[in-house]
């Protein structure tokens, strides 16, 4: 949205031949598939839309009260001062879904074509040059045959394509692979964020309250923490983030979130309230060194797709906006100069290097990586890097998260658990805590049934045999939407069943599968969650 | 006086007519019953046992086959002649076809698909489903009498229609129907094996879930369905496994139903299933797990092994 | 053939229904909206008839500003132009009012055929189509599964109860209410969306208002009056108790 808006602005300022700009959105309407905590650092917004307040930007609440706690099972230990990166004074609590909807309104008001419900399934190349994208075929039945309503995908050609397909974006993933854009960079690290929107009795908590937590229910070996943000009218956003590089193959992020809600500090806020919406998404946590080369002939990568997130401040929206704006500026110049080659588009990377984006991301480049040494060392390291600006630290090594997950034998030794049962189950009461299937209902996710599964598991034989033996089918646990199930295949064996229509498009399976045989591709246009207010 | 319009086809009364009669009697005040057609004497005699002021027949050759134009014409005249305060109909496909046109012709309020009637002050308040039965709405009719009301099939009990102490008088109304003003030309109705099952029309449903464990056990479910006179339906996993066709699925990705009786066998009650059947009048749940969410919305529940309970039910039903 | 399709914008099926503070309707700020499903089938039928017999398809909707969404969607699928009777109070208007304003908006166009869905997924009164026919002086037929146009008349297949059907003939102009699921809905294509931007959406103010014929006093979730009766004992005992209840108490089986 930022890129599109910025392009419109540049066009207006510059005059000249009007550019044709199109935005492709895979959801039925802009914002439907997007969610975040969310805390917005308004610096980029102020620059892009200086009169954002007049234009009715939906900023739910300014931050008034902040708390950071270290949790143990039954108590909370407040941090004496809010650590600077978690200080949110001057920031806003927002619903990212509403924010994007609002931006979409601005984009359309500029006369830019926005096509919602049209996912791009692949990047188009002319030899080694990106020349556009192809949208997904529509009207294929679940066996792969064309239905009477079949519509082939459309090739959309463009001089510059800006990929903003989000964390683990399928287009970016393929592009990076093809051009080895990640050569010399660290592999991306991810986390999964699971979030619920609640309505609690008015007066229970002051609007504008921001709470972050560390510790319970995570153990020292796991990265992550919880959050709770309160907005006006009793609306509360509560969630939990877990690094997707945990060691325990029986770990279940959804169960962890239920445990978190049961902690007295949070149960006391939510009790008696009503769950309104549920959602989940991965976050790119790797930081500066995991960002690939973000340009090639005819293409730029912006936002989460490039990994532009500050994992210490837990903020990425402003970085997505900034990189979107830089991409727009670079693209604009390139198109005007009739040169959209990589050499020209390289200016995008240069802009980022010279900007507050790098100034912000570079000092915290090892935050997530430091957690592989355990919570306490990580906190110390993070504290130090804050104070020193991190310049004197050598870059820490990093491994892709799915490589860190240990095999059952290694982790549990002789005490192999029953892989079909949760290891640390939380009590599900369907008032405060929920099972995954009930939660999925509250994500509003819907896909037309008669289409091929958009979760492509390249080798399903491995599921009932090797994976079950080595890892105990972790997909059953790391998917927050009950997409994967091991069902009886008859004759005593199990087989993988994929409930694709439950998918909330979080990308965790694509990221975390230990054998890396799962490819998430966009489903038929418009299908997916409906994250109103998230 | 409430005028109830009974429905007949080829001389046979639609059972739902008795439900509308019961509803009218419950609403209070004198009740008259009318029946339209050609050669409806037998139907009128049947209706005469009801506790009603009189039975009025509207007969004309043009009314032999149902047409919207014919019925609107006849009923406009009848309502004009009888001046009722309310006109009650059963909410059948046929009623849905002409009642709104009649209401428009008369310029009077029409409230459709009513499940209950409440007295409020001087008037009546009608309860009807909205959002496909997920919510109820209390609705009042505005404007001058008569108000037209259609009663949801099965909402009022036909056997609650009170019988009169003696047979009611039958009178033929002096109403002519101008055949030339009827624009619809119907052909004979015919029956067709429908491609997709419309479970929303079934009065009783036996639904099966994961607890059935295997396709081979569906026979047991079929026997129970037959014994009750029910259609078979299923929760999603059963259809996903291909044990029953997709058009038998109840739930957020299948059909939404609200039958008189819904028996859930081995269904845990995931919310995706519940939203498809919560509006059912009577819900029976049989499940091994006493904590299964289905028991929260069931009227009657049996915690037990369905492979033992269902045969016992079948045996009991055959007595 | 000049065909009108009357469509309604409703809240999406997955929308978690919550009653608003005044209990007069559901909360629908920030809701996700979509085209009423039966209307989508009516639109598809109209597009197919146009493909067969030529002519134009005009979509009409009476509703608040946001209803323009479904009109644009219909244009993207292939309708030629749209008429939007726009006014905020129409969001909660009843069938008589809606039919009235629609009739006023389309009367002069002299359509050959008017199609509507058989009822809306929200209110579901099932009246607008038939009332509209009466106001336009057209013959009508409801719950239609199939349409065959031959010159000045049309033969249509009606759905009756219990698996029965009936064909009937009507003269044109006429109005039909269309049953869901009778055809396969086509996708809106990128080309369709681009073309739709150039298509006309004529905004019309509602004519002098008719009085509402029905008033929704309140909406609420149906309460489960009784508590769950668990039937204990052996399978035989529980079965006996259940059959007795179903037969004699609730009387749902004979």
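As written, the chain order gives the labels A, B and C, with residue 1 at the start of each chain.
Here, contacts are C-beta pairs under 8 Å (C-beta built on N, C-alpha and C of every residue); 3 or more make two chains touch, one makes a residue touch a chain.
Since the model is a prediction, treat every value here as computed from it, not as a measurement.
**Q** From the Cα centroids, identify the chain that ends up most central relative to all protein Cα atoms.
**A** Answer by centroid distance: C.
**Q** Would you mind telling me which chain pair, A-B or B-C, is linked by more contacting C-beta pairs?
**A** Of the two interfaces, A-B and B-C, more C-beta pairs touch across B-C.
**Q** What is the distance, in whole Å, between the centres of chain A and chain C, each centre taken as the mean of its C-alpha atoms?
**A** Taking the mean C-alpha position of each chain, the two centres sit 38 Å apart.
**Q** Nearest whole angstrom, what separates the Cα centre of chain A from the Cα centre of chain B?
**A** Centre-to-centre distance between chain A and chain B: 49 Å.
**Q** For chain B and chain C, let me know how many angstrom lie between their CA-based centres, rounded off.
**A** 20
**Q** Touching two or more other chains, which residues of chain C qualify?
**A** 13-14 - these are the residues of chain C that touch more than one other chain.
**Q** Hunt down the residues of chain B that sit against at least two other chains at once, touch-wise.
**A** Residues 252 of chain B touch two or more partner chains.
**Q** Could you list the positions in chain A whose residues touch two or more of the other chains?
**A** Counting only residues that touch two or more other chains, chain A contributes 446.
**Q** Can you list the chain A residues touching chain C in their complex?
**A** Against chain C, chain A makes touches at 28-29, 32, 98, 113, 115, 117-118, 135, 138-139, 147-149, 151, 154, 156, 276-277, 442, 444-446, 525, 530, 532-533.
**Q** Within the complex, which stretch of chain B touches chain A?
**A** Per the stated touch rule, the residues are 240-241, 246, 252-253, 270-272, 275, 293.
**Q** Using the touch rule from the top, collect the residues of chain B that touch chain C in their complex.
**A** Residues of chain B touching chain C: 67-69, 92-94, 96-101, 103-105, 108-113, 125, 129-143, 157, 159, 183-194, 196, 201, 204, 228-229, 252, 260-261, 278-279, 281-282, 284, 295-305, 308-309, 311-313, 315-317.
**Q** What residues on chain A touch chain B, complex-wise?
**A** 430, 437-438, 440-441, 446, 449, 487, 497, 499, 501
**Q** Flag every residue of chain C that touches chain A in the complex, lowest number first.
**A** Of all residues in chain C, those touching chain A are 12-16, 30-32, 184-191, 193-194, 197.
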